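After this come two complexes, each holding subunit A, first together with subunit B and then together with subunit C.
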Partner chain A sequence: MSGNKKKDSFFSRINIFSSFLQKRTLTEKKKITGWLMLLPVIPAFLIVIIFPALMGIINSFTDADIVAMTVGIGAEFFDIVDFIGFSNYMDLFTDGDFWEVTLRSFALVGIAVMLQYVLGLILALLLDEGLKGFGWFKNVIMLPWVVPVASMVVIFNWMTAPNYGVVNMLLETIGLEHLTTNWFGSLAFAFPIIIIMHVWRNMPFYALTLYAGLSSIPQNQYEAAEVDGATAWQKFRHITLPNLKYPSMVVIVLHVLWTFNNFDIIYLSTGGGPVGTTEVMATEVYDMAWNLNLMGRAAALGVIMMLIMMIFSGMYLKLVGGDV
Partner chain B sequence: MSTKKLLTSMLVLLIALTFTATLQAESPELNLWQHEFVIDWQGREAVVDFFEENTQLNVDEDYGPAGFDSIEEQFIIQGRTGYPDVLEGTPEQMFTYQEAGLVHSLDEFWQDYEDKDQYPESLLEALEIDGELYGLPYSHNVRMLLYRESVFEEHDLDVPETWDEFVETAAYISENVEDMQGFIFTSEADEVRVMQEFLTFYYQLNNEGLFDDESDPARLLASEEELAEVLKLYDDMYTEGGVDIDERGSDWMRTDYGYTGGDFAMVTVGPWVWGHRAEDDEASDVLDDTGITHPPVHEEGEAATFMEVAPMMMNAHSEHPEESWELLKEVTSKDFQLLINTLSGAQAAREDAMEQDAINQLIEERDDIDEEMAGDWWLAGFSEYADIGVAPSAVSWDRPEDYIIDAIQEVIYEQQTPTEAAEELYRNLDNLDL
Partner chain C sequence: MSGKSNEKIITLGKYLLMVCYTIFILAPFIWILYSSLRWEPNLFAGEFLANPGGLTFNNYFRAIAGANFGEYFLNTLTISFITTAVVTLLALLGGYSLSRFNLRFKNQIIMAMLSSQMFPHVLLIIPFFAVMSGFKLLDSYTGIVLTHIVLGLPFGIWLIKGYFDGVSTSLDDAARIDGLGSVGILFRVVLPVAAPGVAVTAFYAFMVSWGDYLFVSIISQSSSTRTLTIGLDNFLGATQIQWGPINAATVLTVLPTIVLFAFLQKWIVKGLTSGATKG
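Let's look at the complex of A and B:
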C-alpha cells in the first residue's frame, strides 16, 4: 500500500512539473532545461573552483604558514592562523619585487602573444597558399603543441647547454664562438629564451586556428577585388584581416590567459633565476609559499592574479558572445 | 589425474589462498615513500626486488613521488591523513616536518631497539630536535674535494690546501688544460645543493653552525664578515676564471655529470657520484682517476665540511605506529643498507653495514655490484674525514636556503659585491623567526 502511495506521489509531481513547463514560452523552456542540465555540474564546480578560490581569499587575509597548510581546512586552521587584514596586500604593494614580477608577467604575455600571432599568421598564409610539398607540414605542425612541457624544457636545455648544446656548437662551427654562452644561466638571454619557448609551443595553435579562418573566407570576395584591380596587400588588408578578426581575437585572448597563468615552463627551465630575471607572478606565488613559507602572502598574490585573469576572462566571454 | 584428485588439489589450493588472504588482511597495509625506489639509477631494480622479497610486512608497492621537493610538498599537504606511514627525506626537511607536527618522535621505540649500538652518536645527534630523535639515520655523507689525479700529476700541481691556492689552481687548470675547467659551483635557483656547498665552506670559519638551535627563536651565529668571506670565494672563483662564467646557474646534474664526464678537474661532492660509474666507460675512468681530500681550508679557519645525515622518518599521524617502526627497522636494517649503499657507493649510517668483510661477501654473492668497491678506497676516502663534518642546525631551512642562494647569485652575476650581498644576507638571516 505505502509503495503505491509513493509511486502516485512521484508521478503526480512529474505531472505538476510537466504542466508547469507547458505553460512556459519556448525561451523559458530552453532556460529551464539548460539549468537542469547544469545541475549535476554545480556541486563539482563549487568543490573544485569556488571553494579553493574562497579559501585562497581567506588565506590572503591571514598569516598562514606551512604549519597551517598541514591541518587543512577546519576549526584547527582558524585556531592556528591570525587574521591580519590587508597586511599581506600592503606588504606586496610596498615590495619592489612585486612590481618587477608583475611587469615581467605582462611583458612575457605582450611579447610572446604578439610574436605567436604574427608568426602564426604567416604560417597560416603559407598553408593557405597550398605550396607544393607543403602538405605534409599540416600533419606535423601541431607537434610542438602536443609535446609535454617537461619534454620541451629538456629539449631546449639540451639545445642550449654550455658545451655540448647544438646552439653553441653551431655558433662555434660558423666562427662565432665568442657568442657561445650558458643561455639559461645568462642574465641577458634567459628571459628571451623563455619567450622563444612560449612562441615555439603555441605558434602552431595560432597557425591552425587562423588557417581554418582563412579557409572559410568566401573566394568570391577575392575575385571581386581582383576585378577591381586590388593589389595583394590591399586584398590582405581589406579582405583577409577583417575576416580573421573574430578567430584572431579569440585565439589572442585565450593565449593571454594561458601565458599569464603559465607556471611550468619557467619553473622547469630556470626556476625563476638567474637572480630572479625570469620570475613571473605564477612562479613567485610558488616561491613565496614553498620556499619563503609565506602562505598568506602567496595567497594574496594569487588573489591579485585571479582578479587580473577575471578581467581577461571577461573580455573573452564578451568576444564569444556570453554574458559578462 | 583422476577427477577426485583434481578436485582435492583445487580445494587445498583454495584453502591455502583463503588462509594467505586472511593473514594478509590482518596485517595493515603500510605506505613507504622511498626516494631510491622511484628515481632512475642503476641499482633501483635490485634494491626494490630485495625489499619486496624480504619484507615481512604488507607494504604498498607505490613508493611515492620522485624527488625530495615533491615528497616535501605532498607530505606537508596530506601528512595528517596518515599517509605515508614512513618516508625518507633530507635533515632540513625533517626539521620543517617536526615544526609542523608531522613526524613522530622515535624515542619510545629507540630505547628498546636491539641495533641502537650500531649508530655513531654524531649521526644520531644530527637527527635530534630538543634532545628527541625524529629520524633513523639512513645514510650519511661529508662533502669532500674530488680531483683528477692524472691532471694534477701531468701539470705538476699540488692539491690546494687553502682558499687562495684553490682559486689559483682552478684558474690555472681552466687556462692551461684543454677542454677542462678547474672547478664548478652548483648555482641554480631553488637548488638545495647550492646551500650545502656554501655551508661546506662557511663551516670552516664557524664550525658552531649557522644558527644556534638551542635558543628560541634560533639565533644567527654567523657574522657579516664570515658570510662575506665565503661569498668572496665565489666571486674570486668566477672573476679569476677558476669557474667558467658560462656555468652560472648550473644545477646539481651539471656538477655531478660534468665531473664524471671529464669537464671539471675538481668538485666538492659526496660519495654518491660513484653511482654514475656504471653509466659509461668515461665515468668509470674518471672515477678511477679520482683523488679524495678535504675541501681547501680558509687561511684563518679550520678544516670542516657539510655533513648530511639522511633520515628515515615515521608519520606522526600514522594509524599503525608499531608496524611503521618495524618498517623503519627493515629499511635501515644491516642487509638492506649493505646492499643499497654498496650499489650506490654511499656511506651507510650503520657501522655493521660498513664493515669491509660484509661488503666483500656481498660483492662475491652478487654479480650486479662493481668489484672495484672491494678496494674500499672510495668510501675510506670519505670516512677518513668524517670527523670534520658539521651537520646543519635543527631549524626549518626553507627561508635560509632561499636567502643564501639569492646572495650567491647576486655575487656571481655581479649585481652586488660580496660585502653588499653579505650585508643583505646577514640582515635577512638575522630577521628570521626560526
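Let's look at the complex of A and C:
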C-alpha cells in the first residue's frame, strides 16, 4: 500500500514537472535546444579566446621558460616563475629589433593587402567580362589558396633555386644572366618574394569575392547611367565601386588579420633571414619562445600583436557601424 | 571605324591580361608536376624540355620509400579526417543554433567567433603547449586533433551560419507543424538544402588540419605524430636537398586538397563568397 502511494507521488511529481514544461512557451523550449546545440562549442571558444589571452597576458609579466610551460597550468607554474613587472615589455622597446620588426610587419600587411586588392579587383572585372575561352578559369582560381603553406614554400623554393630554378633559367634564356641570383637568400629580393607568395596565395580569394559582388549589382543601374551618357570610368567610379564596398571591407579586414598573424609563410621559406631582412612579429614571437627559450618576452610581443589587431578591429567596427 | 579598331585593341588587351593571370596562378602547379616527373639528373641540366630517358615516376617511388613518408602521410590523414568530422558536426549544430534561435548572447558569441581570427596563433601556441603538457597530451593524436578542432571551429561556424541564414525558415516552420523537433528539422529538412555550406565548412576544417605546421611543430615530438608539412620542411632543411623526391612529396601533399577541392569546387566558391556578399 505504502509502496503504491510512493509510486503515486512519484508519478504525480513527474506530471507536475511535465505540465510545467508544457506550460513553457514553445520558444522557450526551442531556446533550450538552441543552447544545447551550442554547448560543445562554448568550451572551444573559452579555450581559443579567453584562456590563451589571459595566460598570454600573465606570461608576459613573468620570466617563464619552456620548463615552466611543461609543468602545465596548475599552481606549480606560479611556484616556478617570478613576476617581473613590465621588464619584458621594457626589454622589447629598448631592443633595436623590435621597431624594425614591427615596421616590417606593417609594411608586409600594407603592401601585400594593397597589391592583392588591386590585382584581385582587376581579375574580378576580367572574370565579369565573360571572356570567351576562359570560363573554366573561375573553377581553378582558388587552387593556390587550398595548397598547404609548406607545399607552396617548396614550390617557390624550387622555382627560384640558385642554379637550376626555372626563374633563373628563364632569365638566362632571354639574355639577362646578370640578374640571376639566389632569390630567397638575397637581401634585396627575399622580402619581395615573400610578398609575391602572399599575392599568389590570396589574390584569387579577393577576385572571387569581388566577382560575386559584381554579379549582384543590378544591371539597370548601368543602363540608367548609359542613358545619362556616363563614361566607362564614371560608371566604374560611381556604380561599381560603391556597390563593392561591403565585400571589399570583408576581404580586406580578413586579410589584414590573416597576413599580420601569419607565421608559416615566412618561417618556412626564409626563417626570417637572410640577416633578419624578412623577420616579422609573428616569426619573432616563435623564435623567442621556442628557439631562444624566452617565453615571457615572446608572450609580451604576442600581447602587443594582439593589441594592435584589437585596435585595428575596433577601428573597422566603428567604420562599418558595428554590423557583423 | 577607328572606334571599332579601338574596341578590338581593348579586347586584345583584356585577353592578354587574362593570359598573364592564368600563367601567374597556374604555372607553379604545372612546373612542380612536370619537375616531379623528370629524372633527377635532368632537373639540373639547365634544359626546360630535354628529357633523356623520358618522364618517370621514379621520384615518387623514392619519396614513398624514404624518410618516413608513409608514416607522415597516415598521421596527416588520420588527424585531418577526425578533425574534419568533429568540426563539421559541431559547426553544424552551433551554426544552426546561431542562425535560427534568438539566444540571449547571440551577437556576443558571433563577435567572439570573428574576433578569434584576431589572435596571433604564435601567441596561442604557448598556452596550448602548457595545457597539452598538463593533460599529458603532448606527442599524441588527441592533442593535435583537439588543437585543430578548436582552431577550425570558430570560422567554420561562421561559414555555416552564413549559409543557414540564406535558407528560408519557411521550411523549418512547415516541418515543425508536421511534428518534427529541432534536431529532426536540422538533419532531415535543412541539412539537405544547406549541403553546400556543410561542404565548405568540412573543406575548411580539412585545410586547417592538413596544412597546419605551427601547432604540430610544437605538440608533436616524434615521428609517430609528425605530419607531412613538417616532413616537407625537414626535407627542405637538409644540407643536400634531394629535389627529385621533394618535388614528388610536394605533389603528393598537395594532391588530396586538390582532389577534394575538385569535387566540392562549385559549393566552396559559392559558400566562401556568400558570407562576404550578403551584407
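Please note the rule applied: the second predicted complex is superposed on the first by the 273 of 324 C-alpha atoms of A that agree within 3 Å, B and C clash if a C-alpha of one lies under 4 Å from a C-alpha of the other, contacts with A are read in each partner's own complex, and residues count from 1 in each chain.
Everything that follows uses one rule, which is that a contact is a pair of C-beta atoms (placed from the backbone, for glycine too) under 8 Å apart; a residue touches a chain by one contact, two chains touch by 3 or more.
Given the structure is predicted, the values throughout are model-derived calculations rather than measurements.
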_When subunit B and subunit C are modelled together on subunit A, clash or fit_ = clash
_By the touch definition at the top of the document, which applies to A:180: first (subunit B), second (subunit C), both, or neither?_
first
*Applying the touch criterion given at the start, work out whether A:162 contacts subunit B, subunit C, both or neither, answering first, second, both or neither.*
first
*Tell me which partner A:274 touches in the superposition: subunit B (first), subunit C (second), both or neither.*
first
*Of the two partner chains, subunit B (first) and subunit C (second), which one does A:315 touch, if any: first, second, both, or neither?*
neither
*Identify the partner contact of A:84: answer first if only subunit B is touched, second if only subunit C is, both if each is, neither if none is.*
neither
*Go through the superposed model and pick first if A:70 touches only subunit B, second if only subunit C, both, or neither.*
both
*Count the residues of subunit A touched by subunit B and by subunit C, then name the partner with the higher count.*
C
*Between subunit B (first) and subunit C (second), which, if any, makes contact with A:171: first, second, both or neither?*
neither
_With both complexes superposed on chain A, which partner does A:292 reach: first (subunit B), second (subunit C), both or neither?_
first
*Who does A:129 touch here: subunit B (first), subunit C (second), both, or neither?*
second
*Under the contact definition given at the top, report the residues of subunit A touching subunit B in one complex and subunit C in the other.*
69-72, 163, 290
*Please name which positions on subunit A make contact with subunit C in the complex.*
27, 30-31, 33-35, 37-38, 40-41, 44-45, 47-49, 51-53, 55-56, 59, 69-74, 77, 122-123, 126, 129, 131, 134, 137-144, 146-159, 161, 163-164, 166, 169, 172, 200, 204-205, 208-209, 211-213, 216, 246-247, 250-251, 254, 257-258, 260-261, 263-264, 267-268, 281-283, 285-286, 289-290, 295, 298-299, 302-303, 305-306, 309-310, 313, 324
*If you look only at subunit A, which of its residues touch subunit B in the complex?*
66-67, 69-72, 162-163, 180-182, 184-187, 190, 270-276, 287, 290-293
*asked:* So in the complex, the part of subunit C that touches subunit A is made up of which residues?
replied: 14-15, 17-18, 21-22, 24-26, 28-29, 31-32, 35, 43-46, 48, 90-91, 93-94, 96-98, 100-103, 107, 109-131, 133-135, 149-151, 153-154, 157, 181-183, 203, 207, 210-211, 213-214, 218, 228-230, 232-233, 235-236, 243, 246-247, 250, 253-254, 257-258, 261, 265-266, 268-269, 272-277, 279
*Which residues of subunit B touch subunit A in the complex?*
73, 76-77, 79-80, 96, 99-102, 187-191, 244, 246-250, 263, 396, 398-399, 401-402, 406, 409-410, 413, 415
